[in-house]
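Note that the chains take the letters A, B and C in the order they are written out, and that residue 1 is the start of every chain.
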Amino acid sequence: MRRPLITFTTDFGLADWFVGTIKGVALGISPQAQIIDITHSVPPGSIRAGAFALRSAFRYFPKGTIHVAVVDPGVGSNRRAIAVRTRNYIFVGPDNGVLSWALALEKVVAVHSLDHSEYFLPQVSRTFHGRDVFSPVAAHLANGLPVAKLGWKLPSHVRLPWPEPELQDSGIVGEVVYIDHFGNAITNLDTASLAEATAGKQVEVLLGRKRVGSLSSCYASVPKGRPVAVIESSGFLEIAVNGGNAARALRIKVGTVVTVRSPR
Amino acid sequence: MRRPLITFTTDFGLADWFVGTIKGVALGISPQAQIIDITHSVPPGSIRAGAFALRSAFRYFPKGTIHVAVVDPGVGSNRRAIAVRTRNYIFVGPDNGVLSWALALEKVVAVHSLDHSEYFLPQVSRTFHGRDVFSPVAAHLANGLPVAKLGWKLPSHVRLPWPEPELQDSGIVGEVVYIDHFGNAITNLDTASLAEATAGKQVEVLLGRKRVGSLSSCYASVPKGRPVAVIESSGFLEIAVNGGNAARALRIKVGTVVTVRSPR
Amino acid sequence: MRRPLITFTTDFGLADWFVGTIKGVALGISPQAQIIDITHSVPPGSIRAGAFALRSAFRYFPKGTIHVAVVDPGVGSNRRAIAVRTRNYIFVGPDNGVLSWALALEKVVAVHSLDHSEYFLPQVSRTFHGRDVFSPVAAHLANGLPVAKLGWKLPSHVRLPWPEPELQDSGIVGEVVYIDHFGNAITNLDTASLAEATAGKQVEVLLGRKRVGSLSSCYASVPKGRPVAVIESSGFLEIAVNGGNAARALRIKVGTVVTVRSPR
């Protein structure tokens, strides 16, 4: 029989005991659960980076996986905590948008508030709901508890705005939404928008006002040390440097404008 | 049936192959064991930081968990290695105090020296007892080996001194004992000492000579960027900055004095 | 029954969702697999560092373990992907040498190219074969798929040159091949070459032209803060600083020359 799977996406970092602790709590309640870290290195408090990581990873897990995301600068305040059942998964986290970019790709079945403290640890701190609320709730769900038992049904959940690319005279204009460990700059320009804007014609990619080149098929399509625009593994246009760190070399930040247009 | 749980708390870091290797060794001996990392990012050689991490995490694991802590600057010298059975857990590590802050919260049943090399790897290096001694011993314990089989019974173990807060005329005076990944500064002032010192009255918290404010219920009780004193998740007074990094913003170090007193 | 074991050695880092994703993929195909990270912190694109980590760790895993190493700057280009059956293990990765230092210590039984896309994810990106190719292939192997089903049998695989120490008039001359998390500098001088060169006589160790001292048995053989030469846990000569960071203190880099000779 398949063991229930729980994933964690947090900004807890790996320096302290936080991540180990939430796993101890989960396994105490659901000894059969299998726990996988998506990442714990979301920049502290960055709901957008957490939302992007979860959105990029969740579909690669088996149906029935319980995805927990805790980037929670409002912990202990009156922000809501939720569990969301979708067609394929269950999502658990604070209702601050961190789940929303993943949820936008799923069919949402029900949103419930985490009200019933019998599914929390007996003592709930004001600073560590990952340990005291989210992990125990996920473990109870792994044991088969229906989402509806957790609390009131809610009509909706908080949605983080997604920066939509814009079709302008100059081409299709987007921005960098995430910079990864390699220094690769992932944009909001997905293959669908690109296809629509370029109609399969040859294109050139601009970073700010600087030409990066046309769209390449892989990093090694250009010589070492040269910038290259590729479609990354989630289907977004990405600016990289072959064998290098594009963010550092080209001074790219989240928000840097990227344009795709027909060559002039 | 519950699979036996082994946790690791080390300063091995995640950059190299050390952590993977100790897990391979453990699973070779005890294929059913489930291994959870508490942390491997204890600052190199910092027995106190390792002891604090273990102390903060161990209680959140199910009874019977085998907790291994390896912060071991004396590896290969004549420092002792021990296994300690307590009412709820087994602890394994060098006898240099790294286990002692956790042990102080447990009822110790027996302390045994790790003498019998049939429970080690066949070849024991002088520099990596995590792989050659502690991990195999933990795996044998996970297989049900009694602690008493490991070696001589010892009358006690090395205790790391805990910095006790002091009740002075100015109030109760403690210090920062740990700075976490978020830059939050955890002190040795626990809720019991605070209750005794303040008798439930309103208090003010001083960092060195600087007023931080009164005790708040959560980070979001103060505006973004402002310092805040809260009770953290293990029950200690903590200085944080809402949405920021207190250690950096307020130049806090381990050892920085923190006072709690009645407002003047 | 023993669960099949898969290890990962990559340069994906822990900052993003890459590592979580490859695990989700593997568990979707092989729910019984147990996944262990050797490390994901190989410096980006450093095939040598990845090869050294894998070489240092693989033998400590049970027979039958499937070792996956993905340091793959040529991803998406026409570099080959391979699976290698050895007497004790299966290795999977790009055919760029990252597997070769481990393979040199094993008896290779068969090398196969990864040709058959029915063992990949249905959609293969050009930038993330860890997720789309290597992890699914490893999971199918964990399910019992024979290596020969993956693709054509190859006569050999790419070998990374190993820097052999040289016996010179001045002694045996080697170099630093890896610097670990503690700042310890591991050389290519193994116990066999040392034994041959020194015939058991007393030796002195030079870092560049600077005397480090003789060979010590453990870090704590010298006072705190002093350099020390020891045999590290894989059997190589290592330069360390007791309680310190040798690479930083002594300005050691990969490639720094280390000589062992009879004292003058």
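By definition in this document, a contact is a pair of C-beta atoms (placed from the backbone, for glycine too) under 8 Å apart; a residue touches a chain by one contact, two chains touch by 3 or more.
Quick caveat: nothing in here was measured; it's all calculated off a predicted structure.
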Checklist entry - What's the overlap between the neighbours of chain A and those of chain C? => result B
Checklist outcome for this item: If CA atoms of chain A are superposed on chain B, the rotation in degrees (nearest 5) amounts to 120
Next on the checklist: So the centre of each chain is just the mean of its C-alpha atoms; given that, what is the distance between chain B and chain C in Å?
Outcome noted: 31
Checklist outcome for this item: So chain A residues touching two or more other chains come to 14
Next on the checklist: Under the stated contact criterion, what part of chain C meets chain B in this complex?
Outcome noted: 2-3, 5, 7, 9, 14, 34, 36-41, 53-54, 56-57, 60-62, 65, 180-182, 217-221, 230-233, 238, 242-243, 245
Checklist outcome for this item: As the complex stands, chain A meets chain B at residues 12-21, 23-25, 27-28, 31, 44-45, 73-77, 125-128, 131-132
